[in-house]
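Labels run A, B, C, D, E and F following the written order; every chain starts at residue 1.
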Amino acid sequence: MRLDRMTWPAVEERLARGRRGVILPLGSLEQHGAAGMLGTDTICAEAVALRAAEIAGGVALPALAYGPAQFNLGFAGTVSLRPSTLSALLCDVLASLGRTGFSRVLLLTGHGGNVAPALAAVQEVLSEVSLGRLVFPRPLSVKLRAWWEGPRLGALRRDFYGDREGFHGTPSEIAIALHVTGAAPAAWPAYRALPPDPLVDLGGDRHEDAARHRARYPEGVVGADPALATAEQGAALLQAAAEDVAELFAAFEAAPEPHS
Amino acid sequence: MRLDRMTWPAVEERLARGRRGVILPLGSLEQHGAAGMLGTDTICAEAVALRAAEIAGGVALPALAYGPAQFNLGFAGTVSLRPSTLSALLCDVLASLGRTGFSRVLLLTGHGGNVAPALAAVQEVLSEVSLGRLVFPRPLSVKLRAWWEGPRLGALRRDFYGDREGFHGTPSEIAIALHVTGAAPAAWPAYRALPPDPLVDLGGDRHEDAARHRARYPEGVVGADPALATAEQGAALLQAAAEDVAELFAAFEAAPEPHS
Amino acid sequence: MRLDRMTWPAVEERLARGRRGVILPLGSLEQHGAAGMLGTDTICAEAVALRAAEIAGGVALPALAYGPAQFNLGFAGTVSLRPSTLSALLCDVLASLGRTGFSRVLLLTGHGGNVAPALAAVQEVLSEVSLGRLVFPRPLSVKLRAWWEGPRLGALRRDFYGDREGFHGTPSEIAIALHVTGAAPAAWPAYRALPPDPLVDLGGDRHEDAARHRARYPEGVVGADPALATAEQGAALLQAAAEDVAELFAAFEAAPEPHS
Amino acid sequence: MRLDRMTWPAVEERLARGRRGVILPLGSLEQHGAAGMLGTDTICAEAVALRAAEIAGGVALPALAYGPAQFNLGFAGTVSLRPSTLSALLCDVLASLGRTGFSRVLLLTGHGGNVAPALAAVQEVLSEVSLGRLVFPRPLSVKLRAWWEGPRLGALRRDFYGDREGFHGTPSEIAIALHVTGAAPAAWPAYRALPPDPLVDLGGDRHEDAARHRARYPEGVVGADPALATAEQGAALLQAAAEDVAELFAAFEAAPEPHS
Amino acid sequence: MRLDRMTWPAVEERLARGRRGVILPLGSLEQHGAAGMLGTDTICAEAVALRAAEIAGGVALPALAYGPAQFNLGFAGTVSLRPSTLSALLCDVLASLGRTGFSRVLLLTGHGGNVAPALAAVQEVLSEVSLGRLVFPRPLSVKLRAWWEGPRLGALRRDFYGDREGFHGTPSEIAIALHVTGAAPAAWPAYRALPPDPLVDLGGDRHEDAARHRARYPEGVVGADPALATAEQGAALLQAAAEDVAELFAAFEAAPEPHS
Amino acid sequence: MRLDRMTWPAVEERLARGRRGVILPLGSLEQHGAAGMLGTDTICAEAVALRAAEIAGGVALPALAYGPAQFNLGFAGTVSLRPSTLSALLCDVLASLGRTGFSRVLLLTGHGGNVAPALAAVQEVLSEVSLGRLVFPRPLSVKLRAWWEGPRLGALRRDFYGDREGFHGTPSEIAIALHVTGAAPAAWPAYRALPPDPLVDLGGDRHEDAARHRARYPEGVVGADPALATAEQGAALLQAAAEDVAELFAAFEAAPEPHS
């Protein structure tokens, strides 16, 4: 279910029945290689969240389509939030959800750059609770996952792409975006393996400012081979990711509060 | 065109051709009366922005689905940003757009509560420019409009609803949401005219905290009669609003910079 | 009455009698054309607030003499606050007033650039109330008006200046400043009508950074003909504005709280 | 000279002549004992600044009438800024002045609670300079003084009041306020000497929250005997303080920049 | 080498020789179980950083002894920073180091709660670089590691403690603290294995507010058996961790900048 | 006693016995002249705090090793916090201490640049208390002292160094650092008396940005003759300062709360 399509009495009634969980998809608007859509991260996170909500009978919030992506500002069309801005936004969202009676929030990200500010925001809100400055009707628990962290999806993308999955502009995200948008596959520059470099960490597309990042990855893909992606794979990947997330969310929403 | 479906080379090429305008729809997730969808404001702003972009050959950014709506926090499902959070977010978005070469940004809001923080954000970013802390390749101009401010839309909604348009949960926004989502019309509580009150200003759905706001408007509609709304009206209203916005945007994007 | 000339026991006693309203004048320190005083906005807002307080038996706070005016930083002597700074300041003032027992605050601005940050501040404080982080002895209501919004003043300035009132360095504000300060009228550059321009909105003196703003309005006046101003007109305008504001304030302060 | 009564060309011309100094009076709106005016601090700081500017041929900015005074929030009519808010405001004012070409700013406070946030603001602005984020046409120097720190004033208030000067609601500030406003002297509660207490530091009216502060000083005066104050003394004190400040300011404004 | 024991000419000379790396240890002051020292995280991070700096001929900064630990505020003596505060502090430290000429900064944490705010801070600073608001003499690269992430340490702690290492109050950190401080080992409550719970993530000591956290872990240890710790193990663990960190740091500091 | 070496049950027990005081040493990492250690301020503040805690049977927190020192950023190795950052950090520390039951906090600084932000932080936290946003189990009192403000230390440093003590890189701080670290004394540039300058205030090492500060004090010492320092003097100075601080702290911790 999409929260934005519900009415407030429907939400009130659902909370009264003890269904207190919600999924918030977090995306980004940033370059995804020469033939990838700028909105890839949001498209994927939103699609997985909606499908997972369907499967689990859960509720999904509207996606946040912007995230911290300063390293990609050298590519036209990228929009980047400061991490502190995303944290402030998530603090407000969590405080609103907590006040209204939601108590299990799953942040589902499609962009690695959201992880640190999102986790920081959770602790910021809980700091307010621990100091007595925020009081919620129910204790608030928050989890964060990327849509690609579950076992079904992991197996599938290894099958499909092996070590050409890479770190940015990955074939799995490109495939899901093709499936979701119905866009036609486009031609991609040749695959370029990541050379080892002590300056770069694994998953290492976020360590530099925009100028150096573009110099290092001139057309934007990081260690991935998006040319492998097809919409058919995208359909399967979306389903797998959604099942992983639905399973996690269902257990999270249903888990009893141990100290009542 | 939707920016999130474009690639970075396509954006780069468009900017190189001198097409430097973009529309950013701003919504809200908040109660819209007992039978109105929580996402009504975002649904409307996004639909108008996309249609206007089509008409004008312009580019629309992904909608921001959350805004300041503290007065509606007494209704389940409402999510509210602090105004300072929305301002911070828009500062980052404007700085990113300015850095990338966009120079004409139209903020198109579907929620009155976005207006003040958005205008504040514009001045905040321009303060940075005026103090020399931000330098853009082109001078940045920003306009803000609500989707209902144009003449075509104004005439139509007067025709359709007269003085029952009201201020929140208005039949025009409900109608557009019905049209866009294909949802079935629902039953509404009876129309309740706004009594005059010196505590309340015209358009006055934002003057109070959440507890008082719910006490004053127990099911959430403010001076409107959303039961009048139909999807057919929604189609016409959407088209009218989009034509108004497209006209404004086209002139704004094409206007020469006077001091170069 | 001026709050800064009262003692705390006098304020306490007044609140105990149920007089819980206060007027806060908001100005700006910024260029007002080649012959206009930098403090014009503050001079006008403060004079209207004091006179209105007299008429209504109300209380006026000391004026805030600084506001956001980045667009005028290209003219010597202009001081500009970031909008976020003005919002923070007004949040503190409103929280202090609310805590002390004031419950009806009229923000009276003499500068358009104060409007957005002031309205944002009201929602910021009410957000704190709605989340339970601020508790006041009485519910707090805040209104914002510019001193020129009332009917008496509107009629008078149309009579005096017609379409030469303009948007900045207006003859009405110059006239009031002449009357209040007793300064001698000065020579002004010739009237320059505003050319239509899709980059500029009506009331459009705030859309640009400082460099472009000075380039567009080289001596600072925006669509106004301040040479028309006389101190005698100023006296009449001040009285008219004060009567408008006093009427609004009296009704606002006396309005019963509907939900007690 | 008052900056708010000057025009921008007059300021520009003055700066061009190398007169780059300005005085900014900082006040507070807070209780000053049962018979003291809430605006005493602002009244004094502004009066001294204006008189000093006259004597030194200098320029005074409009006073800031609000400051941090949380300890006095238990007394009706007190308005308190968070220290961080005052710092933000002064950062903006200093950045504006520096950008416009002022290079010697004297902050003249009438309230001890302004000192720490003002000094913090100076370092905050200079941090921006040192990191290269703010560039001014001339190096900016800022001094902070309370109006009572000079030798002439010090001698006079020792003569007039000896050890009954105290720390808040002092006879010297009350006397200046009587002189400036023409108010009639009022009856005061009996003098109460400050008992020694290891919890309280010398000048110690700022160490506690509002509830404890009011419990300790039930009618607001701290170790002072304001009943001694007369308007005649006020005239003499004002003149002495202004001479002290004028001397300091003149030397400060005229001092050559050593490293050019 | 410890930076705090160096002189500025020594630092200048070292930078001139191209040695541009530095290690910053990040700790926390928070409960570490009934017999664990509150400063355990800082003691460990600092000891590993100093030893690693010795091994690699590198430079270590003074430790930051405070971090975000709101979940432990229910235990006396815990001090917690908001995540936004730690981020702000690290932004300032990184900006200072970057300005001075350091270009390789290794953040070495002893507390999981520092990771998200630290990574957010890195992106915040790099955002400033990417927007042109900060300019450093050399491109800045930042890495973050916990001291327990290297292979030597990992092997050793598996050998010593197997699955009784746990997540908070771990025997390995207790052992290092015993070794570093020379404190005598104390008696510990009996080992309590972590029950599986869908509310708790792996490494899951940070998901709740302080009240719930103390209810769940009544004496503070999370899935660990610190009674196993000895000072002798601590010496070996410290050496292993330092060798891991030294190796990483040496490669990081020496890696050539690829785009010059 | 060092809090970082205590366990939480030990702290809990101590608070239960009514020992509610704590000392927090504040330092800085900044140049201290050509032969002075960058960490001198922290070394001194921490050593005095620990010794004073021993003497008074009090508790010392870990030192904060970073402070605002923008004026010294022109010297390699200096790290500077923005004043607002230090204030935020101290707000968090004070809120944590207040929540846990500490009620007497002595901030002991070794760096003048910490004073303003620290005093601002105290008022910021107390503002939260006065507005009801923070509630502590006991009223919180905070004092701030520099370690050199007591009478024993004052007498001794006059004896040792007379007017060559100066303001930065003073022989007394250098001497204590020599004593504490066991470092060998180094050669210093010749003593340079401070010329009088109306731009510089007494204690005046903080009035300028980094570029001007280095131009004025080319090797970093301000009016001091650190060549006079010996480790033996350092031992005596440390003891004298610690006795001064212990006396102050003991009285502060033991003082009864007057209004209970």
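Rule of thumb we're sticking to: a contact is a pair of C-beta atoms (placed from the backbone, for glycine too) under 8 Å apart; a residue touches a chain by one contact, two chains touch by 3 or more.
Treat the numbers as computed from the prediction; the structure is a model and nothing was measured.
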item: Shortest chain-hopping distance from chain A out to chain E; value: 1
item: Intersection of contact partners for chain C and chain D; value: B, F
item: Chain located farthest away, centre of chain A as origin (C-alpha); value: D
item: Equivalent of A-E within the choices A-C, D-F or C-D, defined by over half of its residue contact pairs recurring; value: D-F
item: Chain copies touching (chain A, chain B) - same or different residues, decided at half shared; value: same
item: Between chain A and chain D, centroid-to-centroid distance (C-alpha), Å; value: 52
item: Distance from the mean Cα position of chain C to that of chain B, given in whole angstrom; value: 27
item: Gap in Å, rounded to a whole number, between the CA centres of chain E and chain B; value: 45
item: Shared-contact residues (touching 2 or more other chains) in chain F; value: 73, 80, 82, 84, 99, 130-131, 133
item: Contacting chain pairs - touch in the sense defined above; value: A-B, A-C, A-E, A-F, B-C, B-D, B-E, C-D, C-F, D-E, D-F, E-F
item: Complex interface listing, chain B residues touching chain E; value: 95, 99, 133-135
item: Parts of chain F lying in touch with chain D, wherever the complex brings them together; value: 68, 70-71, 73-74, 80, 82-84, 87, 113, 115-124, 126-127, 129-131, 139-143, 197-199, 201, 206-212, 215-216, 248, 251-252, 254-255, 257-259
item: Parts of chain A lying in touch with chain F, wherever the complex brings them together; value: 130-133
item: List of chain C residues in touch with chain D within their complex; value: 2-12, 15, 29, 31-39, 42-43, 61-66, 73, 75-82, 84-85, 88-89, 91-93, 96-97, 99-101, 181, 183, 186, 220
